[in-house]
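Common to both upcoming complexes is subunit A, partnered first by subunit B, then by subunit C.
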Partner chain A sequence: MSKIIAENVNVYYGSKQALFDVSIDIAEKEVTALIGPSGCGKSTFLRCLNRMNDVIDICRVEGSIKMDDLELNSRKLDVVRLRENVGMVFQKPNPFPKSIYENVAYGPTIHGIAQSKEEMDQIVETSLKKAALWNEVKDRLDEIGTGLSGGQQQRLCIARAISVSPEVILMDEPCSALDPIATAQIEELIDDLKKEVTIVIVTHSMSQAARVSQKTGFFHLGKLIEFGSTEKIFKNPDKQQTQDYITGRFG
Partner chain B sequence: MNNYKKNLLKKRYNAERRFQWYGKIAIGLALTFLAVFMFQIFSKGYSAFQKTWIVTEVHYDKELLLIDAESPSKDDLENADYYDVAYKAMTSLDPGLPEEEDRQLIQMVSYKYETEVKDLLLKNPDFLGKIVPIKLTASDDVDQVHKGNYPRDIPEKNRRVNDYQLQIYDMLNERGDILSEFNISFFTNPDSREAELAGIASSFMGTVFSILVCLAFSFPIAVLAAIYLEEFAPKNKFTDFIEVNINNLAAVPSIVFGLLGLGILLAVFNLPRSTPLVGGITLSLMTLPTIIIAARASLKAVPPSIREAALAMGASNMQTTMHHTVPLSMPGTLSGTIIGLAQALGETAPLILIGMVAFVNTIPGTPVDPAASLPVQIYIWSESAERGFVEKVSACIMVLLAFLILMNLAAQIVRHKFEKKWS
Partner chain C sequence: MNLILVTFIILLAFTSYYFGRKKALVIQSSQRLTALPKFYGYYLAAWCAAPALIIFVLWSVFEPSIVKTFILQDYTDQNLTKNELQLIYTKVKALAVGTYTGNITNFLDESANKYIQLKGIANSAKVAIILAILIFSLSFAYRSVQKNDRMREPVEIFLKWVLFVASLGAVLVTIGIIFSLLFEAIRFFQAVKIFDFIFGTHWYPAKTFVRDGQPDPELMKDAFGAVPLFAGTFFIAFIAMCVAIPIGLLSGIYLSEYAGRGVRKYAKPIIEILAGIPTVVYGFFAALTVGPFVKEIGNAMGLEVSSESALAAGAVMGVMIIPFISSLSDDVITAVPQNLRDGSYAMGATKSETVKKVIFPAALPGIVGSILLAVSRAVGETMIVVMASGLAANLTMNPLESTSTITAQIVVILIGDQQFGDPKTQSAFALGISLFIVTLFLNVIALSVVKRYREKYE
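What follows is the complex of A and B.
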């Protein structure tokens, strides 16, 4: 079942076009990986899904992106509500310079999800457990989030993202700043999370895309070259360009 | 390695060494200037913290005080006539002196000596009818002689202390009746025409009130302006124009703001002149651009990733700004504010224009009472010809510097506290 359906999405930064007629179906409770060389527009597309491009003044998005029949690319859309449902994890871990507890509790606080302190404690605990961080930080929730190691910080950011129980989580190269062990932990986490959440992940690592995703889309120069099941993309792609990229002949 | 390469390497190391020396020389020069400046002020000013007293005996004679009642009440003491008692206390120092020469003795103490005689009795009513020792504030001339600042070898007619007075001074000094104590009245007295009585209480309070008013006006306005411009305002020609103007405002000479205060606050709004309220508002015009620029710079310095994190969690622009960006920028904003206030603290010209240069011999209790300020006090005293004011100028500078150091220290502490919380 499709969670997000994008049709003919064009994105412009000023006069420069960054995405050309991208159409893609993202399935519910699956991991969709977006791969491609730097500057190919995969992050731009990802940021359309929670309207983070709004922050950039000169950015203009055309086309239709529907999530459960809700048009995302519409002026009337309440972005605050959208972002409550579509969480995001960034390339560089960016926890707030506040305590670990406050980091996770921030989303539920501003969206009024928890009614009491006990409920909030419960949300923080569950989120940290889902992010596989609970055991490491349960005794030091008051410590500052930026004091954790890089991998822990990224898992804290994931815990923060899932604290408001979003339906979709967007990940923008979540492991590019992490070592292989931390990367493995995050990948395991993604595998667990997909039982409940739809995940879209942008990655530079093809092996990562192959390991974690069910569907893969290959972007090149702002165009979606090929989209299909991960197995097919990696073993038997339709397009020569995809084949070349996968085998490392360019990009 | 060939010779050419060796030479090149040597040159590079030499260049670095030379550069380090330039830096060391520059710092050395700066420190020397500072040391000379400090030495100049301290060597001149430290004696102002000592006050000279003349000890004599006073006879609280009921008859001379014109008290009739058997057991006089407080009111009786208050209304008694102290003129003769005080006069006698001084003339008793040299009973042989002819009456028409008595002024010479009286001139050795401050003109408030009668009040001092009265205050002692009011404090100790049981002294009535007794002969007791009393400390009287020495005149500034005697004070300067005692501190060794007054040359004794110039001809008598050019001296403010004549030979007879020097003789009495020497006699008293030998008896141990000239006392030198910490000068509390320098801090508790308002300004005075007499150097021995002049203090910084009115100008100090004036400065404190001015700074508080300045802070109260400039900080909220500047921070709100900075937040709006940096976080909410669209980036277009108009906001660029505003930015250029704010930067210009920071470079406007302070006297222009003084004229503005004079022309608008005093002439149009009729606010009370010579008051810290007007002074503070005028100074806040100067501080405003400084704080705006500092606040904008520190807002800009907050990493965009923090904003993205908050926005991606579904925080509104307002929440992102208030929960994350502003608290993170506060240390920088506060230190900018302190720099602005420190500039305002030392500002003289605009205060002179709005009348804070007036002679104020009362201590202001509120920002709408007339007051001077420390830098203006320095200016007023430096214009006085009397020798007693020379050391006061330096002492006042020392107080101003101490004030500045305290403010910077407070800023550091506040900054430190914030930063501990955020990193």
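What follows is the complex of A and C.
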């Protein structure tokens, strides 16, 4: 069952083309990993899925991206509503310089989700529990979010993303700034989350892609070279380029 | 004479630079150099210029007082006071250069001749000594160039000392200013009780003026109360901030978050040009345009408005400060990491929500710092107040009346005739040092706030 269907997506930064005719089907409640060397356009593609490219003035997106029959690449799209449904976790943990509680309550507040203080407390607690952070921070919710360790900060960001119950979560190299233990915790978390949400993760680590994902797409120089089940991509890819990248012969 | 000597030293230094470099190239043909050829040049030039110039400066500093001692030796048996001796010396100097117009006594004439003679000797001695030093230091330096000694270290050490002397000069001048303020202020506080100065509510120094002798201590008590001045200063600064903070801050937010690159490219330099308008221009703008305008509006509403009002001065001062706040807060807001913005946008926050809930709080310490810096500027501003707000120190909280500030009163006290040692004149120093303390305090707080903000990200 497809959650997102992208067809012939082209992205330009000014006159430079960053993505060439990317078409991909992202299945619901699965983890889709996007791999490829730096600058291959995998993050650019990820940012098309919640229209984060709007933030960049010179960026232009062409083609069709449909999520449950809703055209994402349309001027008429309500970006605020889209981003409520499609959360995002960034490469570098970026909690707001506010308290842990306020960090998680940020989304529900701006979208008017909680009706009362009790409801908000409930949302914050559930989100932190889902992000496997609750036990570590439950006694210090008033402390500033930027004071946590790197791994905790990233889990706080995940809690922030799931606080508005999105259907899709985009992760842009979520573990690249973390140590192996924190990385293992995040990967475990991704495994839990996929029961409820669709996850698209960009990663530089091929072993991570192999561990967490069900589908993998390989990008190179702005093109989607190969897309298929993770097992197939890693064990028996169709394309020589994919084979070379996976085995570490380039990239 | 001096000019020729200094020019000669400098020209010689340049020449020796080229000579040293050339010499290095010659050495290079037979042995390995210890540094790049230019260091040989620098080495020779430094040894040429530095000792000669140092002696020259020292000589110029001490020569006049030595000559003076010699001249006045002849007058020691006459039991003269210090002032009288000074007067005689001035006369002798004037006579020697031919600008003296009074009675010429034999004694004076003799001294003048002696002065001319001494000056002549001093000048020739100076030239001789400096030439000797030049020859000595150059030959010393040339010998070590010939020996191909290490050149890099001495040059680096020399440069370090040049920089050290420059910064020492800056620090010493600042300390000197502070101490001269402090000493005069202490003299003032010997005449006027510090309590009367800080808590007195009447500022009217003119009434202590008496032709000869000391003014009445009772009068002094009531003439130097600085409260109206402090009140006026902060009142006008407050009005200025009421204008500058909202406009400056909002335009800073617009420039950093909303304006497209095109707008920002042109708007930011234009706003910064505003900061370069001389304050005297703002001053006559306030006095001739805004003041009468405020008065007219007030009169039309049936209010009594002085034509020199605190409101006009404060409002124009606020306009002057707008670019200061907008530019600084623009910088501070731009410095908020992009990933915080991304985090907020990715949660579905709109631009204004992001500004209000994430960017502004994150930038707040920096913004507060910039506002404090702006306040200390407003407190120290002089010209606008002198021109537009009046010179009478009224203790008032009515923005439509005229009031005065510390800076304006210092101007009033120190223009026109004045007498050193008069409490009225000295009060300017007391005001100056209190203003200095206030702005120093504000700056220290502002800088520490800004610093704490810097530490927050990385």
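In this text, the second predicted complex is superposed on the first by the 251 of 251 C-alpha atoms of A that agree within 3 Å, B and C clash if a C-alpha of one lies under 4 Å from a C-alpha of the other, contacts with A are read in each partner's own complex, and residues count from 1 in each chain.
Note that a contact is a pair of C-beta atoms (placed from the backbone, for glycine too) under 8 Å apart; a residue touches a chain by one contact, two chains touch by 3 or more.
Quantities reported herein were computed from a predicted structural model and do not represent experimental measurements.
S.K.: Subunit A superposed: clash or fit between subunit B and subunit C?
M.R.: clash
S.K.: Look at A:N50 in the shared chain and tell me whether it touches subunit B only, subunit C only, both, or neither; answer first, second, both or neither.
M.R.: Touch partners of A:N50: subunit B and subunit C.
S.K.: Could you look at A:G151 and tell me whether it touches subunit B, subunit C, both or neither (first, second, both, neither)?
M.R.: Neither: A:G151 stays clear of subunit B and subunit C.
S.K.: Identify the overlap between the subunit B-contacting and the subunit C-contacting residues of subunit A.
M.R.: 50, 52, 55, 57, 79-84, 87-88, 90, 92, 94-98, 106-107, 110-111, 146, 157, 160-161, 164
S.K.: In their complex, what parts of subunit B are in touch with subunit A?
M.R.: 234-235, 303, 305-316, 319, 323-324, 328, 422-423
S.K.: Under the definition above, what is the set of subunit A residues touching subunit C in their complex?
M.R.: My answer: residues 50, 52, 55, 57, 79-84, 87-88, 90, 92, 94-98, 106-107, 110-111, 146, 157, 160-161, 164.
S.K.: What residues on subunit A touch subunit B, complex-wise?
M.R.: Subunit A reaches subunit B through residues 50, 52, 55, 57, 79-84, 87-88, 90, 92, 94-98, 106-107, 110-111, 144, 146, 157, 160-161, 164.
S.K.: Subunit A touches which residues of subunit C in the complex?
M.R.: My answer: residues 260-261, 337, 339-350, 353, 357-358, 361-362, 456.
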